[in-house]
Structures are given as C-alpha cells and as structure tokens.
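Shared between the two complexes below is subunit A, which pairs with subunit B and subunit C, respectively.
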Partner chain A sequence: MSTFLKLLARNRLAVFGAAVLGAIILLVVITPLLPLPDPNATATADRFKRPFSDGFILGTDHLGRDLFSRLLWGTQLSLAVGLAAALIAGTIGAAIGIVAGYFGGRIDNVIMRAIDMLMAFPYILLALAIVAALGPGLLNALYAVAAVNIPFFARNVRGVTVSIAHKEFVDAARLSGMGHLRIITTEILPNVLPVVVIAMSTTIGWMILETAGLSFLGLGSQPPQADLGSMLGEARAAMITAPHTSIVPGVMILLIVMSVNLLGDGVRDALDPRLRSGALSRPMAATLVRRDETPPEKTDTKAVLSLENLETRFEVGARIYRAVGGVSLAIQPGECVGLIGESGSGKSVTALSVMGLVASPPGVVTGGAVRLNGQDLIGAPYARLRALRGDRVAYIFQDPLSTLHPLYRVGDQLTEAIRVHHRISRDAAHERAVKLLEDVHIPNARARARSYPHELSGGMRQRVAIAMALANEPEVIIADEPTTALDVTVQAQILKLLDNLRRDRGVSILFITHDFGVVGQLCDRVAVMYAGRIVEEGTTAEVLDAPAHPYTKRLIACVPELGAGRRELHAIPGLPPAVDQLPHGCAFAPRCHKATGLCATSDIPLDGRKRKVRCILPEEDVA
Partner chain B sequence: MGGYILKRLVSAVPVLLGITVIVFAIMSLIPGDPATAILGSYATPENVEKLNRDLGLDKPLVQQYFIWIGNMLQGDFGRSFALNRPVLDEVLDRFSATLVLAGAAFVLCAVLGIIAGVISAARQYGWADRAITVAVILGISIPSFFLGMMMILLFAVRLKWLPVSGMYAIYGGGDLPDLLRHLAMPAIALSLVATGVVARLSRAAMLEVLRQDFIRTARAKGVGERRVIWGHALRAAMVSIIPVLGIQAGFVLSGAVYIEIVFQWPGVGRMLVDAILKRDLLLVQGGVVFVAACYVFFNIVVDVAQSLLDPRIRT
Partner chain C sequence: MSLALETRDLTKTFDVGKRLLRPPKAQVHAVHPTSLRVENGETLGIVGESGCGKSTLARMLVGLLPPSSGTIEIEGLSGGSSPADFGRVIQYVFQDPVSSLNPRKTIRQILEAPLIHLHGMGRSERAARIDEIFDSVSLRGEFLNRYPHEFSGGQAQRIGIARALAANARILVLDEPVSALDVSVQAQVLNLLADLKDELGLTYLFISHDLAVVEAVSDRVAVLYFGAVVEEGRAENIFASPRHPYTRLLAESAPVVGRPIGGQAQGELPDPMNPPPGCAFASRCPRATDICRTDRPELRPIEGDQRAACHHPLDP
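What follows is the complex of A and B.
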C-alpha cells in the first residue's frame, strides 16, 4: 500500500489531478456554509452582468442569477449525480458479474450474451432510449447513465470472479458446507472489491460527463434545478452576447473530468506492475554509447571481427548491472568461434553489442571497441551502423517464431533484407529470396515464400532465419543460440546446414550457446564466459579435452554422456553471482572448491598466448 | 475469406434480434398508457382507444413484438406523429447527414490519433511525447459540446472564418466546398475525444510492439528506423489498434448527438432529441434500432479488416 502511494505521489500529473479534484470537492462540501446568494433568485435588472462587476464574482446569467453561487451548487449536483451513477452501475454490474462468474455454465452464458447485446449499442443511444421511455428528468438521466455502464462493470468483475471461483480457499469454504450466498459475501466479494473500486475511479469521469451531456440536451435536470450540463445548455442561447455564462460551467466540467481522469490514470499506472519496473520503455534504434576514452585506430589485425575490452551495462534506476565486463575476442576469416556460458553470463549481450542491438534503455556500452576489419563500430554513426547491419554482419536469433515478423510473408521478409542494401527490383529480389530458401534446403521454396511464419514448423522457420542472414553474403554471422528452441534431430540438421554454409562460403561465425555438444560439432575455437567475462579460451579440442579453468572443468562434467555408464553428474554448487554485485577478484571463487584467500584479493588477468585462462590455480598448465 | 465474412454476418443475426428485444423492452417501460403518452393528457378516450388499436397495443406484449419485427422487416418502421411522415424516410434522410459528420470525424480520429500515438511512442519521453500526452489529456477531458461552443465563438463569431452552424448555406450553398466549410468545426469537435483515446492506445500498442524480438530482427537486417516504426511496428500494432477504432466509431456515432445540437446539424441525433422532447416514441424507437443495426454492421467491417491484416485469425 505504501509503495502504491509512493508511486502515485511520484506521478506529477496524478498529484495535480488529486489537488484540483480535492479543491473542487472541498469547495462543494462547504458550499452550504458560504454566504452565497440564493442560486435561484432571479433579478431581471441584473441580467448578464460581467464577471467581477457589481459584487458578482462570476457575473450573472440570463435571469440575473448569481453565477458563482449557481456554479457551486451545480457542481455539487453534478458530482453527486455522477457518483451516484457510478455507485449504482458498480453495484449492479458487480452483482451480475459475480453471479455469472461464480455459477458459470449456462447462467454465465445467458448473462454474458445479454451483456454483449447491450454493448452492441453505441452507448449514448441506449441512454437516450431509456430517457425517452422514462421521460426527461435528472433522476431518469442518472438511471440511464448508470444502466449503460453496467455491462462494463459486469464484464470486468466476471473476469476476476472466474479466476478466483475455483481457487483452493473457495473450494475449502464450499466443502465446509457454506452456502453460496455466504461464500460470495465472505470469500469472493472482498477479492472483487478492489477491481470494482478501480473500475469506478476510471469511469466516474465519464459518468459525470454523460449526465452533464444529457442535461445539456435538456433531457436531464429541469429548471429551476441546475447541474453543470443544464447551466451550459441554458447559456447556449446567449453564447454570443454573453459568453461568460457558457464558459463558467464549461470550464468547471473540463476541470472535474480532467482531474478525475488524471487521478484515475495515476491509480491505474501505480497498480500496473509492468510500469513499476520501467519495462514499458521502447528500445532505441541503436544502443547508447558512453565511453570515457576512444580506443585508437588499429588496422594491423587480420581478424575480420575483434572485440577489445568491450563493456556493456544495464542501468535500471540507481542499479547498475555489469552484463559484459571487458570482453576481448577475435574472429579470423572463415573461422567459427563458440562463445559458451550459462544463462545470464553475458554471452548474448556481448553478441548484441557488436551491432548496437542491445535494448537501450536500459543498455549502455561503456567501454572498449568492436572492430570490423579494423574499423570501430562502437560509437559509429547510426547511418553507418545501419548500412553494415545485415549486410556485412548478420544475426540469427534464438526463437524464430518471435523473431520473424508474424504478419509478413517470409518471402517478403527476405526480399526486404535484400532490398534495404541493394537497389534491385522487387521481382529480382524475390527471385533471389526463393534461391536463398532453396540454399537452406526448404522444399518447395517458391510456394513456401508465400507462407506466414506461423504456418511453418520450428525447423523451417530457423532455416528462413538463416536464409535471411545469408541474404547479402555477410562476412560475419552472429548466431545467438540458434538451435536452443528446436528439438534434437532438427538441431542436428540446422548445425549441419550452418557448417556446410561456412565451408562453402567462407563466412565467419560467432556461435553463442550453452551447449558443449554443439560447440564440439561446429567450432574451431571456443571462449567460456562467466559473470560477464571470458574465463578461458582455446581451440575446441584443447578446451574440451583438458579444461584449464575450474569452472570449465565443472561445466563439462555437468554434460551427460550417452552410453558413458554410471558416471556421476556433479552440479556446480551455488549460483552465478548477480551482476549488480560482483565479488572482488575471481567471480567464480565463491563456488570453486580450489579457491584460496588469494582468489578474492585482486583482479585476475586472462593469461596465456594461444590458450588463455583467467585463474591463478589452473587445472592445466597453459603457458 | 468469403466464408469468414459469411460467418460474421450470420453471427450478427442474434445480436440484431437482441437489440430489437432490448429497445422493445425499454419502450414497454413507459409508465402508463403509451397512447396517452403519445397523444398527451388532453386526448379523448375514443382517440386513445383507436390509437391503441392502430398500434396493436391492445394485444399481448410478445405478439406486439413480433408484429413490430415483422413490419420492420418489410421496411415499415411506423409513422412519426409529430412529423406525420414514415419513420424510415425521416431516419434515412437524417442518417445520411449524421453519416457525413460521423464519417469525417472517424477518419480524423483514426488518422490523427494513430499518427500522434506512433510519434509519441517513437519519441518516448521526448518533448513531442510530452506535448502529445498533455494534448491527449486535455482532449479526452473536454466535453465536446463545450468545445463546439467555444469553437463557434472563436472561429465563426470572432474570426469569421467558418459558418456558425448548419450543413449548407441557405442561399447559394449546396456544393462540396460549402459542405466542407460547414463540416470542418463539427467534425473536429466531434473527433477530439476519440482522437485522444486512439492516440493513447496507439502509443501503448506501439511501445508494446517495439519491445518485441521481431523489431530487433528488422533492425539487425539493417532496416531504417523510419521503416521499422511506420512499417514493421505499426503493422503489428494495428492488430490491437483496429478493435479500438471499432469502439471509437460507436463513440463518434453517439457523440454526434451533442455536436448536431450545438451546430444545428440536421442529423439523426438531433432528430432523436427532438423526438424525445415531443414524445414522438415511434420515431425514437425506429431511429435507435436503425442506428444500432448500422453500428453492428460497421463492427463486422472492422472484424473483416482485422482478419485481412492478421493472417493468424483467418481460418
């Protein structure tokens, strides 16, 4: 509750709304105590007095009545009617919703059908029909507005009731012999009440507006009684000669509705957990870069892609998560390098940092360089980054169902990938797209190009994603767990396909995975990541056969081997450290059985020439 | 596709029946004798009895309902007492005027609302987003009838840019430019609330979509940001925007009542209010059923548009 109020208080618009609404309500409450003239006392001699003249604060209307007094009394009436309508609609709607949701079955069906019918009306029309039948009058307008809002409450409450009607505590109450009425009042109602209150807070503004509207049309309050709507309606005749008589009630309606809306929005936002974590911000076109120093140009390297001391962080509020903490890695032409690690080790963030695809906010690249053929990509202007994305460096992502656009045909998605980088006709691009689909062994490629992603199997979708990566014959493909979402046989096919493509086309691959088996099949070299850093690097054979870092060794020991008999599987004790509170020294030390006091004293460098390890007590000598 | 449209049309039949039942039920709520209500309290008993017979009000309710439905299916919506004219003729005349007004307002709210929402989402927390957010809050809070009056004061009375009211000029009007000059203010006043709602929901839908993986894929392909936003993201967001447009169409259609009164637009809303004040109940009944039925069909159009956009719901 206190976090809710705190969140609400932080929302400046909601606070503003609450203040305005509070002031209006206070004014209305003390109205009977104020020394105001009778709101209905006519004085034809004082017609249409301007505001601030002759002692009339807001002037007078067409019958010489004091506008300020009428405004306050009218506001009181409008608020009361709106609130009453909300209470009636909320109560009846909640009752209907609870009955439908609690009893379910045919009762639910009949009630909800009827609700659907009511919702099929454009809804002021329904209110008009009700007023037509009952006759004009404020009370009838109130009933009409309440009635047309009942379906909204009934629907919301039914949804909540259905979700709790079969919870354990309700079943327990039923088994203990409680009657339906008692269960509803003691078990269901307390849980439904907050929903009703929130729904009221978001609709009461509408109801005030609607009753004012009916009064404006002359169908609500009848003279001499006046709410804000009928004040405005009466003033309309003199709108041109005495505009203040219209503006005064109009502005008041605006203020009330606006403050109620602002407060209602604030309440809803404060209760929505997604907004709490700040997750509803959209990622920008490229990751933010905030480097203290720009690394010098370096062109003497043969590597097609090299990462140097790359650092990427997530900044959420005051918290900083160091996802990538200084990663260096070089990939030679035609080479396949595996980057392996547990979930949360920073391997995917490393991969996405290369082309500035880390979601920002909250991601920020805070240091290091990513060189493509020697030229730094970090901090490169967006236009250059965009020109290289998909053209020189292409990505294959994990789950092709969510990474392909669900509403575009796969052929069109391929065609687009080509046409953003090459000025060729749509037809030529389409031909090329079909050819690409054939290259990745999709049977009946021409027909498949017309399919939507949801019409393809998981393996087929991943083939499409691979075809898309190949579209512009890139130098580097970054594959971020491309086989994780697939079953084992399909996984083997996809790996074979990638391997063949690499050999045929000489493309370099950075392969991100958590699976040593996959690394063994595909990669020339492998780097092992732990807590945002590389802890070991070497050729695949060396690392797999003789792991040097205790972490690698334990990780490989975790992989079950087919037909290897009764070898015991050893899970690594403990959990990887949270990257917002990394320990001093070696991040693995707290889980390492070899750890000594020295491990936690200072940063441990990644040592070695071809074979590298970040450990002072390595399992194998790598020097 | 044809099958889908047919299915939706068939499913509209019970809804239409339900609408007639509801309207009929409401009308039978009228306290006392409807014939007296129509003729007024000074009517002679003979006249009341004759009218009751003419209207079939001496028969049981269920029978009355089926007679009413049967007549409507033959195009007979009854006769307006105040206007001494068939209800359907009057409704059709007036509805065409409402359709012009509500149609213009709907196009405005859809186009402006979506554009504002997309810009707001793409520039989240930037100055454009803040400006749009404030404008949306004001827009959805201002009563359309008050806004209409203020617009008349400013643009018609003060600046004399546009005519005060009506659909056509009394002398020498009647062409399209004349209509547009008369249409501008009421259409804008009517669309404002709906524009705000559409903008707000479009922004939320876009923010939701922009976080999806396929947007990252588009960027990884090298698709330019403009195309990512207005192509990939908006296309996906439309799936949740279109149902909102359907709801807003209902708001615009019913909100036209106020605007037609303020701008003296000869539409069906003003006709209904006049009919209610004159207790011309058959006209109210016929008008409400007709407009509600049109709205049901419009919603079918929305559903079909939705299915054209999203291949996953087309089966």
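What follows is the complex of A and C.
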C-alpha cells in the first residue's frame, strides 16, 4: 500500500487530478451546510444576471435561479449518479465475468456471445434505446449508463478470472472440499477485486459524462432538478446572449472528467507490476559501468575470453545486491568451461556482464575487466559492443523464444543475423541460413526455414537458436542453461550437437548449468559459484571426483545419480544467503559443518594455481 | 499387502476447437487406456517426457478431471464422487509451489480449509492439528500468519505438503514436487517426504521427468510415452535393464558423470491429433519392424513383475 501511494505521488498529473477532484468532492459534501439560496427558487426578474453581480457569485440562469447553488447541487447529483452507475456496472459486470471465466465451456460461450452482441451496438445508441424503453428520468438514465458499461467490466473480469481459475491454488481449494460458491468468493474474488477497482476508476469519468449527455438531451434529470447535463441543456438556447450559463456547468464537467481520468490512469499505472519493478523505464543500450580503479593487469595471454575480478551489482533503492562479487575465469580457444551453481548464485549475471547485456538500471558493473583476445570490453563504446555481439561472442538462452522474433520466419531471422555482420547478398545469406539449419540437424532444413518459431517444438527452437548463435562463426558461445527446459532425450541431442561444434569448429563455450551430469559429459573445466563468487575451480574430473570445497562436495552428494538405486540423500540445511546481506567472511559458513570462528572473520581468497578453492579447511589438498 | 489404488482402462480424451452447437473439430487422446495398481505404503514412480500425459493422469486420480472412460478405485471410491470425497483419501502436491498457494490468504487460512471443509473441525481442534502438521514438515509456527510471497520455493513446497497432510489422506499424488526447486533444497524436500511416509504410512504416486530422482525414491516405476504406459517394473531394474526401447533411450539420455553423451535417437513425438496406428515409438525405434507400424503392442509381462508394451522387447 505504501509503495502504491509512493508511486502515485510520483505521478504529477495524478496528484493534480487528485487535488482537483478532492476539492470538488469537498465542496459538494459541505454543500448542504453552506448558506446557499434554494437552487430551484425562480425569480424571473433576476434572469441572466452576470457573474459577481448583485451577490450572485456565478450569476443566474434563464429563470433567475442562482447558478452557484445549482452548480453545487447539480455536481453533487452528477457525481452520485456517476458513482452509482460505476458501482452497478462494476458489480454486475464482474459477476458475469467471474461466472463466465470460472465455469468456462458452454456457459462462458453463451455469455460472451451475448456480451459481444451488446458491444456491437454503438454505445450511446444503446443507452438511448434503453431510456426510450424505460421512459425519461434520472434513475432510468442511470440504469442505461450502467447497462451499457456492463460488457466492458464483464470482458475485463472474465479475462482475469480465466487466468486465475487455472491457477493451481484453485485446484487445491477444490481438493480441500470447497464448493464453487466458496471458491468464487474466497479464492477468485479477492484476486479479481483490484482489477474491478482499477476498471471503475478509469471509467467513472466517462459514466458521468454519459449521464450528463442523457440529461442534456432531456432524457435524464427532469426540471427543476439540476444536474450538470440538464444545466447545460437548458443553457443551450442562451448560448450566445448569456454564455456564462453554459460555461459554468461545462467547465465543471471538464474538471471532473479530466481529474477523474488523470487520477484513474495514475492508479492503474501505480498498480501495474511492471512499473513497480521498474521494467517500464527504458533500459540503457549497454550496462552502466562505474569502475573506480583501472582494470587489473592482464594475467592470461592465451585466453580467448577472460573475466578478471568482475563485479556487477544491482542498486535498487537503498539496497545493493552484489550479484557478481569478483569473478575471475579464463576460457582458452576450443575449450568448454562449465559454470555451475544454484539459482541466484550469479551465473546469468556473470554471463550477461560479458557483453554489457545486464539491464541498467538497476545493474552496474563496478569493477574488474572482461577481455576478449586481450581487449577490455567493460566500458567499451556501445558501437563496439554491438559490433561484437552475435559476431565474436554469441549467446544461447534457456528460452529460445527470447532470441527468436515470434512474427518472422526462422530462415529470414537467420538471414538477417548473417547480413548484420556480413555484406553479402540476401540469396547467399539465405543459402548460408539453410546450411546452418542443416548443421544443427534440423530435418528438412529448407522447408523448416519457412516456419515461424511457434510452429517448432522446444528442441527444434533451441536448435534454431544455436544456429543463430553460429551464424557468424563466433569465437565464444555463452550458453545459459540451454537444455534446462528440455526433455532428457532432447537434451542429449542438444549436448551432442554443442560437443561436436566445439570439436569441429574450435569454438570456445562457457556453459552455464546447475546439473553436474551435464558438466561431467560436456565440460573440460568447471567453476562452482556460490553467492556471487567462484568457490572452486579445476578440471571437470578433479572437481567431480574429489571436490575440495565443502559446498561442492555436499552439493554433489545432494543429487541422485541414475543407477545408484534407492538411497538417502544428504541434504544441505538452510538456504544460500541473500546477496544484499552477505555474511562476513565465507558466505557458506552458516551452512557449513566445518565452519570455525576463523571462517567468518576475514575474506577468504580463492587459492591455488590451476586447481583453486576458496576455503581455509578444504576437503582436498589443492596445492 | 492391500491395494491402495487401482485404475482400469482409464482414458482421457480432450476436445479441441470446441464449437457451440456442432461437434468439436478434433480430439486429443491425452491418456490411452491405462491400468495401474498401487499397494498401500508403496511409492509408484511415473516418468515420461513433457506432454506424455503425466499430469492429466494425475488430475484424474484426484478427481479434478473426469475420465472419459474407465474406472478409478480408491478405498471404495469410484466414478461420480466429488473432489471433496476424493480429497479425504487422496491429495495432490503441485509442481509450482508458489502458484499453488492463494497469494491473498495467510498460511493458516490455507491450511484450515481442508480441516473445515473435509473434516468439519472446530477452532481449537484445528489450531492443535495445524501446529502438529507444521511441526511435521519442519516449519516454524510463526510462519502461519504470513502470506505466500514471503516464502522461498522450498518453504512453499513444504506448505503445499502440509496442506495435503491436513486433509488426512493416505495417498499423495506428487506431481513434479521438486522440479521447481534447487538441488540442495530438492534433497531437503525429498528427505522430508521419505520421513513423512515412514511416520504416517503414506502411499505415494511420484511423478517426475527426472529419472535419477524417481529411481531414488520409488519402489516401482511406470514409464509413460504418448499417453500410455510402455514399461513397468521395480525401480532398481527398470533403468538398469530396460526391456522397452523407449525406456532404454530415456536411461541413456540421462546425463551421468563419466559416461559419454548418449541417447542419439532422432525424431519427435507423433502428432496427438493423428496418432499412428501401431506402436507410437516406431518412428524413433531402432528395432521397429512392419508389425510395429500396424499393431499396437499390449503391456505384457516380460520377466518377473517387469512388464513392457513392445513387440520386440530388449534382452536384459
């Protein structure tokens, strides 16, 4: 709630709307207490008095009635009617939407067809038809306005209900013995209510306007009762001779509708989860760099890609999340290095930092260097990064759809990817695209090139994403959990494909995963990450056969391996630390059975030359 | 041992492209006639790749989805029972621990639902029972008044298990209960499930795509392919000496340290709207012959209690 108010307060237009609306509401609330003349008392002698004359603040109308008094009473009536219409439309619309969305099937079909039919009529015509059938009168106008708005609410609420009704907690409620009515009221409704409130706040302004419209036509409030629409309607005849009689209610309508809509939009935006997470603020083209020190000296001269003491953090308000806390890792030509760790350990941020792909804000690279063939990429101009992205360094992600555009044929996307970095004809590029699809073992490649991504299975899509990564024969492929979402048989095919690529073409691969089995089958060397840092590094065989860091050792013991039969697993108690509150010293100390007082006092370095471990009491001697 | 659950020729067919008055455009056979038997106190593992019908089968077993044909027998329950009737004898633990908890209810409200609606317990009785259950899943009592978003995946899954226990059902269907969890947390939850089973004498149907996990927790395993059980046998035998070519492909594909990348069979699942007439695996099977493409193989005993649906089963 307080974040909601904070976000709302940041929106100047919404604050302005709230202020204007607040003032108007205050005025109409205290109207009965003000010493106002009777709004309906006629005095033909005083007709069309100008504002500020003879004690009439806003003058008088064609019957000599005090305009200020009529304005306040009329505004009160219009606001009340608008609110009532919104409540009625919201309640009935939500009820219809919930029933349709929850029960689905035939009920949904029939209801939504009816709603579609209603929506096919022009709005105001429908309202006119309803009033014509019911007869003029303010209450009937209210019903008409409410009725024509019901479809809007019903549609919105149905959409939300469908997504909620398919959530697992609704199934769980059924298994807990709840009936439909109880599920609707206690499981669905509380989750739908915010949507109804937002929809109301954004439509109530229009409902006031529509009621005013009906009154203007003489179908709403009946004389002598004043509402804003009827005041405007009665002033129509004297528009030229006494313009103030039209301007006064007109300005009020304008103020109300404008302030309600500004506030309503503000409320909607402030409740939008994307705005909350800052996702709607435009990210920069490359990750922000704020390095205090000059990059450390180059240590590994043969490496294609080397990360040196890389530090990346996220600055969210006052909190600092040290996602990558000084990672050093070198990849030699043709080598496959595994980066393994649990979720949240910083694997992906490390990978994205290489090419400046971490979203800024909130991401900032605060230290270290990333060298591609000796050249530092951190802080490199955007043009240079863009030239290298996809050309020298390519990425493969867990979700191939994140790199494939849903609306273009995969062959065309590959062709484009090739032509971004190479000046060759479209036909030549297309031939290369087909060849690439063949290289990644897509059967019938020429025909498949004409498919859209959604027409392919998950495994096929990941192959296309790999073909995309290969398009410009990069030196380094960074694969971030490329097989995690795939079935084992498909995973095996993709792993084989990557393994062959590396042997045939000499590409270097940084392979990120949480699966020791995959690392064991694919990688030459492996680095284990915990809480943003590498805790152990060595050849795959060494690390897997004789893990030196207590975390690695216990993590391997957690994982069941096929063929070992039924067995007790040795769980690690506790959870990894949150990276915005890392413990002092060894981050694993709170969960480590070997921890001593020394472990928590000072920073523990990553020790060793080829085989490295960040522990003062390692399980194996690594010297 | 006594029987906890038995299905006979259970099937599920979905209509796709439903139309208001005319018949649907097509049908998808998500589960082909399936007969399973689970003994009391046993863990039956169910493995298979995505879309093979694991969840559909599981949802039928707990009464969330009406079967198209066939019967389910659970402690005397059968067709026509409501989810509440099912709820007292069989419960479901969901894959996504977070979306299985209503974000607008406290943990106490969530756990109370089955106690109120299935068992009609009074207030003080409920409080005592909830404390007992919470203790058994090793969660601290102070969590009861918090909301789901305050919990990590592993904690949320413990709460999901606590809710299933609250219904006091003896059979739990665990649908990928640890797939969304990190490995170190996964082991915690698997061990918790093993302890609860011993303490309370539960029966599990453990669904997973992870062969190693299934092997580690199950007594028997059923392998599903394209909506049908293709092989069934003891956990220690089924992946060690598979008799169905698909089971062997699965076992060889699983990444195991120190073994070369295996399982190179190409090809994809058949189109569910257009199932092939014979064996569904024929297009990917190295042993396929003509009969495989015309006659659907029945599940039959191969050796001991290992059964496979294959015309040319593998040698051990």
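General remarks:
Quick note on the criterion: the second predicted complex is superposed on the first by the 372 of 623 C-alpha atoms of A that agree within 3 Å, B and C clash if a C-alpha of one lies under 4 Å from a C-alpha of the other, contacts with A are read in each partner's own complex, and residues count from 1 in each chain.
Here, contacts are C-beta pairs under 8 Å (C-beta built on N, C-alpha and C of every residue); 3 or more make two chains touch, one makes a residue touch a chain.
Keep in mind that what you see is a predicted model, and the values were worked out from it rather than measured.
Legend: residue contacts after superposition of the two complexes on their common chain; A:124 is shown touching subunit B, with no touch to subunit C. Look at A:316: by the touch rule set out above, it reaches neither subunit B nor subunit C.
Of the two partner chains, subunit B is the only one that A:386 touches; subunit C does not reach it. By the touch criterion stated above, A:25 is placed in contact with neither subunit B nor subunit C.
In the superposition on chain A, A:491 makes contact with subunit C only, not with subunit B. In the superposition on chain A, contact of A:254 is made with subunit B only, not with subunit C.
In the superposition on chain A, contact is made by A:109 with subunit C only, not with subunit B. Within subunit A, the residues touched by subunit B in the first complex and by subunit C in the second are 113. On the subunit C side of its complex with subunit A, the touching residues are 18, 20, 49-50, 59, 62-64, 83-84, 86-88, 91-92, 94-96, 99-105, 113-114, 116-118, 152, 154, 160, 163, 167, 182-188, 190-191, 194, 209, 211-213, 215-219, 235-236, 239-240, 249-266, 268-269. Against subunit B, the residues of subunit A that register as touching in their complex are 13, 113-114, 116-118, 120-126, 128-136, 205, 209, 212-213, 216-219, 232, 236, 239-240, 243, 246-247, 250, 253-254, 257-258, 261-262, 279-283, 285, 352, 355, 357, 359, 382, 386-391, 394-395, 397, 399, 402-408, 416-417, 420-421, 452, 454, 465, 468, 471.
On the subunit A side of its complex with subunit C, the touching residues are 105-106, 109-110, 113, 167-169, 171-178, 182, 186-187, 190-191, 342-343, 441, 443, 457-460, 487-493, 495-496, 499, 514-522, 544, 554-555, 558-573, 575-576. Here subunit B touches subunit A in the complex through residues 14-15, 18-19, 21-23, 26-27, 29-31, 121-122, 124-125, 137-138, 140-143, 145-146, 149-150, 152-153, 157, 206-208, 210-225, 227-228, 232, 235-236, 239, 250-251, 253-255, 257-258, 261-262, 272-273, 275-277, 281, 284-285, 288, 291-292, 295-296, 299, 309-312, going by the rule given at the top.
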